[in-house]
Each structure stands twice: as structure tokens, then as C-alpha cells.
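Note that chain A is present in both complexes that follow, paired respectively with chain B and with chain C.
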Partner chain A sequence: MNVVSQISTDTSSSFAAQPGPIEQVRYACALGALTSVIAVEGAIPITHCGPGCASKQFHALSGISGYQGGEFHVPSTNIGNKEVIFGGADRLDELITSTLKVMEAELYVVQSGCIPGLVGDDVENLVKGYQRRGVPIVFAETLGYRGTNFTGHETVVKAIIEQYVAKQPAVPKRTGLVNVWALLPYQNPFWRGDLTEIRRILEGIGLEVNILFGPASEGLSEWRAIPSAAVNLVLGPWLGLSIARDLEAAYDQTTLHIPALPVGARATAAFLRKVGDHAGLDRRKVDAFIAREEKTYYHYLRDFAQFYAGCTSQYRLPSEVNIVADSAYALAVAKFLVGDLGLNPGVVVITENPPESERAAIRAAFRDLAPGIDADPLFESDGHKAHAAIRAHPRVGELPIVFGSTWETGIAGEIDAPLVEISYPVTDEVVLSRSYIGYRGALQLIERTYTTVVRQSTEENPEGTAL
Partner chain B sequence: MSRKPKQIAIYGKGGIGKSTTTSNISAALVEAGYKVMQFGCDPKADSTTTLRGGEYIPSVLDLLAEKRRVDAREAVFKGFGGIYCVEAGGPAPGVGCAGRGIITAVELLKQQRIFEDLDLDYVIYDVLGDVVCGGFAVPVREGIAEHVFTVSSADFMAIYAANNLFRGIEKFSSSGGALLGGIIANSINTDFQRDIIEDFAKRTSTPIVQYVPRSLTVTQAELSGKTTIEAAPQSEQADVYRALARHIAEHETSKVPTPLSQVELREWSASWAEHIVRMERADRERARAVA
Partner chain C sequence: MAINLRTPQAETRDQRLGTITQWDGPASQLAKDSAFTFGCGRDCGPGGKRLCELNSPYSQASMCAEQIAVTNATIIKDTVVIQHSPIGCASSQSFTSRYSRDLAARRGWKPEDPKSICTNLGEQDMVFGGVDRLAETIRDAYERHHPRVIFVATSCATGIIGDDVDGTARQLEDELGIPIVALHCEGFKSRHWSSGWDVIEHGILRRLVPNRTHEKNPDLLNVIHLGGPDVFTPLVGPLGLKVNLIMGGNSLERLADLSTAAATVTMCFVLSYLATGLEQEYGVPEIRAPLPYGQDATDNWLRDIARVTQREHLVEAVIASERARIAPELERLRGLLKGKKGFVAAGAAFAHGLIADLRELGVTVDDAYSFHHDPSTDSGDPEQDSLGHLIQTTGEIENFTVSPDQHFQTHAALKRSNPDFVICRHSGTTATLAGRLGIPVLPIFYSNDGLGYEGLLTIGRAILRVLPRRRFYEDVAAHSAFPYQPWWLEQTNPYALDTAEAAE
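Then we have the complex of A and B:
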């Protein structure tokens, strides 16, 4: 599994839109990365784009992604024909000045959308003027046609690091401090709970953590401490890798890349040992934490085994896992369901159009989900084609289950499979702090999965379910 | 009952003489009794200055910069002989999108039915002609101008722009866009320049509607803020412009242009360049022989 990631530092140049028309696309445009700014406590985006761009991106990513909601107070230039013709920089200047008067924030992130990119507004220079006057403000060129909200996220993060973090007074190194680059906020409906769990388990083995986004984060004080960290932990197949590479060079840090988010005791223990070793932690302390967590985890799993082993015929427990999700969750869920729960891999569709340069590494990560068992993921952003692949997959004696988005309801019904919603868009789940990662998350994923299985059985057969 | 005016677009590379030529055509047409509007579609907004005694008029986009809703009539000014003068205008150099500006200005006058209300015979668009983006192609797209003429000298760069324009016209020709009327060969004073432009016209099967010599009369007229027709009505140059105006007024059928490909154009210009070098060498040798 020695496939080296080749992501370039310029994320936008590696972006290529899928050619042709596309149905049921499962990501937003680069401007959608304004949700990443909103996910940082104390930061607000200032958007330079056409009317509706900012609010549509936000509501698309927060509303139909588990009804996450969130604080959407985003000033926008709302530019129109006039600014296209004459340039919109003056309008933005006015907006920034007024925003500074009426909105208090620790950091302002100016994001430009399609129009200023096409017309060539010199936003960078404008923002630099404010920076020279000591305003905590940065500029991220999140032109809609230059990438997705995934690449936009990297653009925004790099802008904050280069233009804000780097300008802060120097901070001393802290050997046990780790920067975590993991799930994409909002896009993944479970990011809040997952980041909370990641923080908990990393702290459990004795690390300090900059989790950077969401309710488990301290907000911008964590960002200012980014240079203090010894390690950048990139948790996921590709997102955040190029950020870590930049930081490595700038702050003499190391990068630890773990493509699969750990789900369940086996993966999480391996994960924690790897991180612990990389950070030079005392192995005994790490193992002590793992032991504590496993005691609880396996207690539940032992009890669950009664259900899992005992009522197969009654509930037709699924045997084949099909996944439609972005690469981070697709990989994590595949590893757990195949490696731990013993299902066979069916169709795995990766939906976020990851950079071409990363695909070989992503593919490689799907090998050996269980010893000798591989999945061959399909990179496909088009929902229609994803469904066609699931439909066409031969199944003999398999009971399929689908992990995907609400858009997979139809295809799951067609192949008579229960559907567990794990990926964007999610409208049949209300998600607050639930997590599917780590120890606690794995238990919740099992709960959700088999609740869905049981429900489907009882709905199909309301009379005959009693023991 | 308002008629539909005949709409003509004149394209060409910057500085080649579009505005000078267009203003003289407009002037000759009013002189002949027609009702004419000249519509400058160049961010420089100086198309109509020689129709207004050297004075600049506020452009459609100047008005639009001040307020969201513009009455297009406020952008129409009367010039020499009652010519209606309009300038599209544009953003300051280096900002915004001039192409979008032209689209907006042309749409505004069209929407507000200015051409019909003024009961015009001719609308002549004076358009910056490198057709670098969609905005500059608007006058040749469906429903605006019917005939396009290009002003070109024997300069390679001017011919390059003309050929690009032909490609633009060809592209829109299948969807009801304007067709090519011909070339106005400007500043042609030597046989040699004439040979070059004629050869290009032949290679692209395009008629040359008029040869306009480079003339001091034009410069003098411009310095006094006037067209040649106004400043030197008796001059030979004025008659050239009158003849040109007559050709354009009488022009009925334009056609789909047949531009040269990028490669053909390069080869064509290279062959002329060689020819020039050979001729200069011959000239030098002749001079030496005489001495």
C-alpha cells in the first residue's frame, strides 16, 4: 500500500469539473467553504459575490445536511450588473468598512465568488490595505468555478494560516500538541460529534489537540497555536494534506497521514498507537487509555452479539455493504462494516470528485478492508450513474444494505436494502452531536444501522415479528 | 408608424480609423437627407467627438454608474446635421468588464425602443474590433446590426483583427447574426499597400467597398473638432467619404465571411514579409547602381 499522495499545494489548479451534465451533485462550489469559516468560533466570512450565492451555499450545506443550522450572519456585496461592468472592488471596500463598524469578530475572512474572478477585481490588494491598518482580516479566492467546497476549504484554511496565523507573535513549541485536519465541516453531517470524539480520544492518550472547527474547538486561540504544534494529523484520504505540507515547511512540523477515520475498537486502538508512537508518547499510557475504552466498548459489543448472532433469520441481517459517500466516510464505513462486522463489499461510490492526483492513493486505501478482501471504489459525482452502478451489481444470495444520502432512498428500495444516511444530502435525519467515529461513534453507528434493519423488517412484515 | 432602421456595425482594430470613418459616413448620410444615429461601442467613448465640435458626451454607462435605472434618452445627444450621438462608454482601464458594459448599453437602448422612437434611417455602431470577448460581438449577434464592415489598413495587425472579426461573424451567421458587407480600406496610399489588402480580400472572398487614402485634410478637420465632411466639404477626401456612404446606404446583401485559419493567416503574412524584404533589397541595389 505504498501509493504516495501527490497533491499540489495549489488546490484550485488541480480541480477539474466532471465533464458533461451531472445529476444530484453532492458537493457545493468553492464559495461554500464559507461554512468552514462559520465553523471557526470567532471568525466571520465577508462574501464578495452575486445575490443569493452565500445564502444558498450555506443553506444547502447546513440545512439539507442533517438540519445542522448554525450562525449565518454573512455580509455580502450582492454585486450585480453595475459591479460587473465597473468592477466591484469599491463596493467591497464599502462593505468591509461598514462590517467592521457593526459586526464584532476576531477574524474576518473575505471570500470572493465567481463574478469578481471573471471581472478581475483586485480583492487581494484591497484586503492588504486593511491588513496594513492592523485589521484581522484575510482574503480567500473561492471562485465558484475554480473548485468545490472541498478545495475551497483548503483555500480558506491556507488563507487564514498565511495571512492571519503567520502574523501572530511567535509561540513556543509544545511537543504534545497536534493539529487535526479531518472532516469537512457541514458537508459531513456528523462532523461536530466526530471532531468531539477525535479530540476526546487524542486527549485520552495524553495529547493536546487543536481541533480547530466546531463546538469542541476553542476557536481562534487554537488557530493561533497552530505553529506551536509538533504534528499535523491528516485524518482522511486527502483533504487537508496540502495544508499539512505547507505547515510542515513553514513551522518545522511533521505530518502524520492516516487515510481511514477510525471506527470501532480495532481501528481506533491501531490509530491511537500510531499517533502515540509518532508523537513519542509513552506506550503504556496509550495502552492504558485503550484498555479503559475497550472495556466499555466490548461490554456493549458482547451484549449486542446476542442480537447479531441470534436473530439472523428473523431480521434478514444484511450481508453486503454498498456505499455512496465522499471518500472520508466511504472508507471509514467500509473498513468497519467489512473489517469488523464481516459484511462483503458491494458497490462503493466516491462522490466528491477528489483531485485526480489523489485517486490512486484512495483506491489503494480500499484494499484489504478485511484480510484479502478489497473494494474497488468508483469515482462518480453523478447520482444517476451511482445508482445505475448499484443496480447493475450482481448479487447472488446477498442481502444488501446501503450507506448513503437521502438521495439513495429510491435505489435502496429497488434492491430491497435498508438505507443508513451518512452522507450529504441528509434530510431524513436530524443530527446534533451524534458521531460515527472512534469508540463511541462506532456504537452509535451499530445502533443506527441495526435499528434501520429492524425497522425495515417490521415495516415490511408488521404481523410476524414477535419473538 | 415607425420603420425599422438599417443597422450597420463598423469594426476594426484600435486606432485604425473607425471613428473617423464612421463619423464621416454619418455626416455624409445626414447631408444626403437621412436620419442617422451613431453609436460608439468603445470604452474610450470618443466615437462621436468630431460630430460634436470636439466635445465629449456622457456615456450610457456614465449614467448607469450614477443610478440603477437609466432613461436611455438622457444618453442621446444631437450632433452635426442632427445626427443622434450615443456613446456606450465603459469602466476605467484595468477594472471591470468592458464587454459586459457594451452588452448593457446596447440592450438598454433596444429595450427602451430608442431606435424606433427616433424614427431613424440608419444606426451605425462604431465597435472596437478585436472581438476579444462576447461583449464586443453583441452588435453582430441576432437582432442588432444586419451588415458589418471592417476598417483595415494594410498593416498586418489590422488585417489580423479583421480576420478575427470574420471568424466571429461566421460563428453567429447560422443563428441570425449580422453578415459581412466588406472591407473599408483605410490609409491606403501606395500600390504596395493596395496589393496587400486586395490580396487579403481576394483570399477571403470579401469585397473592398472603398479605398480611403490617408490625408492631411482628415487630420486638420479632426484638430478643429470636426469631420472632413463638415470642415472641408469641397475636398477630395470629403467626396471619398460621400462615395463610401453611398455604397453603404445602397448596400443590400452581405454574406457569410470565409476567414483564413490561424495557420493560413500566418503563412500568408510570412509570404508578404518575404516579398517586402526582396523588394527593399532590390530598391537598395537600384539606388547603389544609380550612385
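Then we have the complex of A and C:
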């Protein structure tokens, strides 16, 4: 069969599939970014792909990962033999027309998968036809072989900004309004709670926030207000950076990049001061909010100290933190467990195949987790190799704990470590609004961590093992 | 039409059986048209016409054959499945792993992650071909896990770029000395995901079932099911039969025993490819009696098994004792379910079976929804016309919708039906939708739940457990909405769009 495939020249061109096979898959393909569209209230993806593609990406990301659920009634061409042989543009045209008859949305995002890329359907021109007729519709090329749901997310976001937001009537600038580019919706099972906490603390210091995704967002009205913002806050090691750079150029905005999602009072206070200073807020107002939050936070920490000091617990409190996760959570959790709770860093594996260009910076962010204490992350998407690294790590006298995905169940058992599920896939947790970042999230992370420790100690050591 | 095992590629069920995915009307018409179109085996009187499929211009994301084939290959023990695809096809690995661990718990196996590896194809591979990556992955799989069999599943992408998967598999088979079985399961090739069952059963039949007919075991009964707990041993054990449970996580030994069995039963005719193939290739008779849903059907099914395996002298006592055993509880359940209206959504023969169960429990079923319809089976035997049998024994189903799990059509069908509860499989769409409409829903994950005498009790009790959840679902329904246009929200004809287009 003929292959009409152009090598990409668009924003996802920095993507390269990790060489070598991948066992225990930890992300989806670029089409999986349809979950980012679903995460925007009022937007609907229209997928041009094979019959199982869209549902597989959605169910993998939303179902078998914290059982997040979500709205799934996504239009799809469900490409068959006929479209593969004769081309699928007519079928997509028919689908878009009928979608407009049946569904009601503020924005439609057409996403193409592997097949239209390979057979050469001209989706862009087809969608432009609808745009000319005033239909709120954009096109994002999310070919499965050309990226992951991370790069697909950036492609989708840029498509919405360039083809929808930019076409809206001009809006006045609002100083104190911030666009937040943080966690990848659905991929991170705690994104809903985390974005809610980020919004809460940023509003707490007096900012207005476009959080853009999930239940804490106002939906597309926030997207239309993106040009009004003064600042793009990129919160995480790399995801969203290229979006912010584009916006900076287009709308005279600044970018504030903070690689580590803040977990706990120390990191969150530093984070809020940095954001506040960047946005030109009154430092006293910022400090007042921090003081109020810290009062509550440290009340809980004071009481938890009783457990952590050991006088009420006979459990094997872990001393070495091993992490297998996307770079965003790997960094956030490492900083908190090492920097705040006083564990030693073990093996850290970063699984989402971040762009080569960002890896040195990610590595650097793992230095000085606590003064003088570094971790040296391994970039590896293949579970088999990740586990080999954890297995081979020398640990004398350490009691390890693993923060990872369900795939780490076996290796955690092998090294006799409790497992806290924080990264995709999370099949053994039901997650609704739980968060692990900020002030409130840190407390929940402590709860989850030490509940897991207690349960594991109890199950395996019914008599209790005091070491 | 005979099953063709000479080619590595299974013919799709669209081609073999004339499978359709879009239809709406009274079930009797569907049965009649199917019979008229395929062989005139039953009910082929006047008024029959060629089965005519509808064609909705609107469609929502469905499912593909690859997922069925890969999932069911992955859970076979001592094997590794290689998904020769871009990474997205392999994102279902987490589901398969969860499924596998759940199965292990129910069947008493050691829980472990099933082994599957993705070749992780990128753009360069699309341009230059992915067979080198495939060869490398097969070697890695062997080194990592020392499997006894490796499956290689294709994808839409590798099908289109034309990678020679069979050639690579043959070459590596020579190199490594273990069977490497290609599963041709490109999603675009069939209109229905159930073709994935044929793909995996084709692979098993071609490569993993040695001819051991000379070692006949007259007590061994092959049972091909979708997966789940063994409800069959209690049913046929009293006849002195030993169950060889196939699919849903086999050992390779079980597969190797297939040709030695006295007979094969299939728990859903959607899976009958393997049973028909075993009869064709090894003379293992396929039991064709209607599936054991409801007491009468179970009686006859047991009698047919007893006849074929020559133990008719035992069967009547088993039937009488089972009927007596469940009678009091069945009465209790009928009393509690009296006056309730149910809505069934499942795949073809499985849906027909659930309807029979509900009707025997005293539940009214006027509406049902089948994810596809096979007008024929591979054996071509009208005995396996499960829809015709259902109508003959339990009566008409006024509104029978065929649709591949389409949310918008299910919405219309549920509005038309307004049931007290929904019972469904492939729960992703239907179950969520029903719940969101305020309707209690019983999703059937393990499809053996409704089988045999005990199945009536299992289903009856499960329905009673979900009915009180109406309190939760109604609360959610009152506080959420679906993004359909108002005219569609009012619609009660699942194919209204098709009709409207035709009228234009």
C-alpha cells in the first residue's frame, strides 16, 4: 500500500519515539490528548481514527487510572477498509456535519490518528472549510506514531489557542491574571484535586487564575481570557513550556517557569513568594496568606510528629524513597520526601520520554533535594529496565519505599517496600478530588504514605517488627 | 463455509457470517431476515427479505478487534504478546494487567503481571518499515521472559505500511525455536470488535492445538467461554465430565488437550469459531444446542452433551435434582422481581441469553440492544440461531436495536424503553449512560454469571442488589446533562438520524 507521509515540521517535531521496545506502558499516544479536550468544559473532540483508537486511549487514561471516569461520547469516524483504500476525508466531512446536528458544544476539536496520517487525508483543509462558515472548530494533528499524549496535549492546546482563542474579539489586559500550565489531565490521576489546590493558593495570595482544565475551571470562558493574562505560569519540569513561549510572543506576556510542583509548607511558601514577586503583588498580603495556611498545616504536622517519632508506632518507617513516575510528580515527591520528611533518595526513574532538549534541566532540578543531597534520575519508559535499576541499587540498612504505578507492585514486593501509587497506571486506587500538592495535598500524601506503611507492616508482620 | 486454516489471517466475521452492526426493529423481523439471507434454515416462510443494514452518518468511538485479540492472547500463561504498533495501541496493557490479576484471584492462580511488549513505532518506522524493530523486540521478549510461545499482534499502522509480520515471525521462529504466532487484527479490517475473538481462536487453532486425536479422553469436555469463574464443573461434573476451560486465561497444556476432548461447547456463539474449527479439523463434535440460559434450555443443553458423550442414563437425575435445588430461591426472586422491566445490552448470542434469563425470572423485556448481529454461525447450523430460538421459546422483543455500543443511540433506546434497570456488558458506554439517566445498572463483567440453573439465581440476586442504587443515580442524573442537541435528547428512535437523512 502507498504511504503518503510527510516528516513533520510542526511543534511535535522534537518528539522521538524511545528506541527499543516498551514493556508496561506508562503513557498513551498523541491521540490520547483527546482527554485534554474532554477536560475542558464545553469542548468535544471529533476523532478521525480507527474504531478502537479513541476509546482505548480514553479508557486507559481515565478508567484504569484512578477510575477517574469522565464524559465519553466522542464522535469518531471509526475508519474501516473503505476509508483506508479510498481515503477518509469524505467520511470525516459527513461525521462533522452530523456531529453539529446531534451534539451541542462551544468548541469542537478535530483530532486525527495514525490512519489519516498514513493514507494522506487532508484534514486541515476540510476543517478550514467549517471554520470559514463560522463553526467553532479546530484541527489538531495527533498522529499516534508521531507523539505521546504529552506532546499531543501541547499540539491540542496550541491548536485551540491559534485557531479558536486568537479568533475571539480582543480582550483587555488584566494584571494579576495568570494562565496556569501544569499537570497533564487524566495522565496524572490526581490532576483534578491538584489543579483545584493550585487555584486555591494562587487566589489566596490575590491572583486571578485561568486554570483551564477540570472541575476547578470555568471552562472555555477561561480559554477566551488567555490573552488577557499578564503571566504564564509553567508549573512542572517541561510540559507547557513551549505553549508559554508561543503565548509570550503573541500576547506580550511573561513566563514564569517553576519546575517543581510545590508539596508541603516550605516549598509552597517559596513558590507563592516567587509567583507573587513576579506578578508584582504586595509581599505582605502574600505572607499573610502563607501564615494562615502554615498555622493549619503545622498543627497537623505537629500531631503527626507523634507517629513519625515512633512512640506510638512499631512500624518499619521507610528511609529510602524510590520513584517511578512522570517527571512532574517524580520531582515534586522527591523534594518533599527527601527535603521535608528526611528520607534518602534511592532510584528515580522518569518515564514519560521527555524531549531531549529538556533533559539536562530536569536532571539539574534533582540536585539539592535537601542541602547537598542529589538524585540522579534515569530516563526510561520501559518497565523491565526501570525495575532492573531498582533491583540493582545497593541499599545497606535502608528500608525502601516505592512511589510509582501499579506496574511497580512486583518490584516493590521483591525489595520488601510499601508501594504508594502516584503515576499512571493507577489501578488500585479510586481517586476523586484527592490532591498531593500544595498545603492540603501534602497532608493527604502523608496520610496515604503512612497508611500504606502501616497496612503493609501489619499484613506482613502480624506481630509487629520493631527494628 | 469451511474455516480456512491455510492462511495466517482469519477471514473477518463480516465476510464469513455477514455480521451487521446497525439495525432497529422487532426481533422477529431480524431473525426472519437473517434466516432468509443465510441458508433459510428456520422460519424461512413468506415475508422474509434480505437483511438490510442501516447506515448512520453519525458515529461515536467504538472498539476494535485488536483489543479483543491482544487481551485474550496476553492472559495465556507462559507467553509474551508483542504489539507491533505505535504506543497508543498498547495503552490497554494496564487494563489487561488488572483483568489478569482479577482472574487470578477468582481462579486461584498466582497473581502476576501478564507479559506484553510494544514495539513502540515512531514516524521513521512508518517511512522505512518496522520489521527490524519487531525482530529486535521478539529477541528481547525471549531473553527477558523465556516464553514458550510469542504472539505478534498487528496494528492499523503496520497493516497499512505493509510490514511483513508473517515473514519476520517465521524467521525468528527458526532462530529461537519456539512458536511465534502472528495475530492479524488491524482494527480497520472488520466493522466489529468481535472479529478479535476469531483472530485469537484462529491463531490457537492453527498453531497451538497439536493433533492428539489418538489420545481421546471420553470424559473431557472443552468449554470455550469469555472468561471468569468456572461455573461449568458444577453443571457437568455430575455427568462424570471433566471441564477443559478455554479462553479467559489458559495454560498452553489446556490448549494442547483440545483435540483429545469428547466434545466442545461454546458459552456464546460469538466464540464458536474455535469449536467449529475443532470439529472440522479433529472431529471433536461441537454441541449446537441452544445456550443454557433458563431452565428448559439448560435441560436440553445438558441432554445434548449427554447424548454426544454417551451418558444419557445420568442426565435426567441431574436435571431433576438441579431444578429442585433452585426452585425455592427462584420463587423468592420471582416474587421480588415481579412487575419489573429490564433492558438488555450485550453482544448477540450473549444478549439473547440474558433476555431468556430475565424473562424466566419474571422480568418484562420489551427492549434490547445488541452490539452486533451475526445472521449465521460458522457451523451454518440453524440450531445455533439463538435469536430465533429466543423468540420461539419466550416471545417477541418489540424494540431490538443493533448498534456497536453507540452512546447516542443507547440514549434514545433507553428513553424509548424507560426500564427499571439495565443489564449490560462492555459496560464502558451503556452502564455509565444508564446510571447517568437515573437507571440502576447491572454490568456483567464475567459473562458466565447468567449460565445454567445457578445463573438464574446469580442474576436475580445481582439485580436486587443494584435496584436500591437508583437513589444515587437519580441524584446524579438530576445534577448533570449530556451535550446533545435538544431534539436528540427527546429522540426515542436510535436510527432517527439515518431516517432523517434518507428523507432529505
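Just so it is clear, the second predicted complex is superposed on the first by the 448 of 467 C-alpha atoms of A that agree within 3 Å, B and C clash if a C-alpha of one lies under 4 Å from a C-alpha of the other, contacts with A are read in each partner's own complex, and residues count from 1 in each chain.
Heads up, the rule we're going with is that a residue touches a chain if its C-beta (ideal position, glycine included) is under 8 Å from a C-beta of that chain, and two chains touch if they have at least 3 such contacts.
All figures in this text were calculated on a predicted structure; none of them were measured in a lab.
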{"item": "Combined model on chain A where chain B meets chain C, clash or fit", "value": "fit"}
{"item": "Chain B or chain C, by number of chain A residues touched", "value": "C"}
{"item": "Partner chain(s) touched by A:Ser36 [first = chain B, second = chain C, both, neither]", "value": "neither"}
{"item": "Touched partner set for A:Gln24, first chain B, second chain C, both or neither", "value": "second"}
{"item": "Chain B versus chain C as contact partner of A:Val84, first or second or both or neither", "value": "both"}
{"item": "Partner chain in contact with A:Leu118 - chain B first, chain C second, else both or neither", "value": "both"}
{"item": "Chain B versus chain C as contact partner of A:Asn232, first or second or both or neither", "value": "neither"}
{"item": "Partner chain in contact with A:Glu104 - chain B first, chain C second, else both or neither", "value": "second"}
{"item": "Included angle at chain A between vectors to chain C and chain B, based on C-alpha centres and rounded to the nearest 10 degrees", "value": "60"}
{"item": "Overlay on chain A, chain C to chain B nearest C-alpha distance, Å", "value": "6"}
{"item": "Doubly contacted chain A residues - partners chain C and chain B", "value": "81, 83-84, 118-119"}
{"item": "Residues of chain A defined as touching chain B within the complex", "value": "81-89, 118-122"}
{"item": "Of all residues in chain C, those that touch chain A in their complex", "value": "56-67, 82, 86-95, 97-98, 112-113, 115-127, 133, 136-137, 140-141, 144, 155-157, 160-162, 187-189, 191, 193, 404, 407-408, 428-429, 432-433, 482-486, 488, 497"}
{"item": "Touching residues (chain side chain B, partner chain A) in the complex", "value": "61, 64-65, 68, 90-92, 95-98, 100-101, 104"}
{"item": "In the complex with chain C, residue positions of chain A that touch it", "value": "1, 3, 5, 7-8, 15-18, 20-25, 27-32, 44, 47, 50-61, 63-65, 69, 71-81, 83-84, 94-95, 97-99, 101-105, 113-115, 117-119, 143-146, 148, 384, 406-407, 409-410, 424-425, 427"}
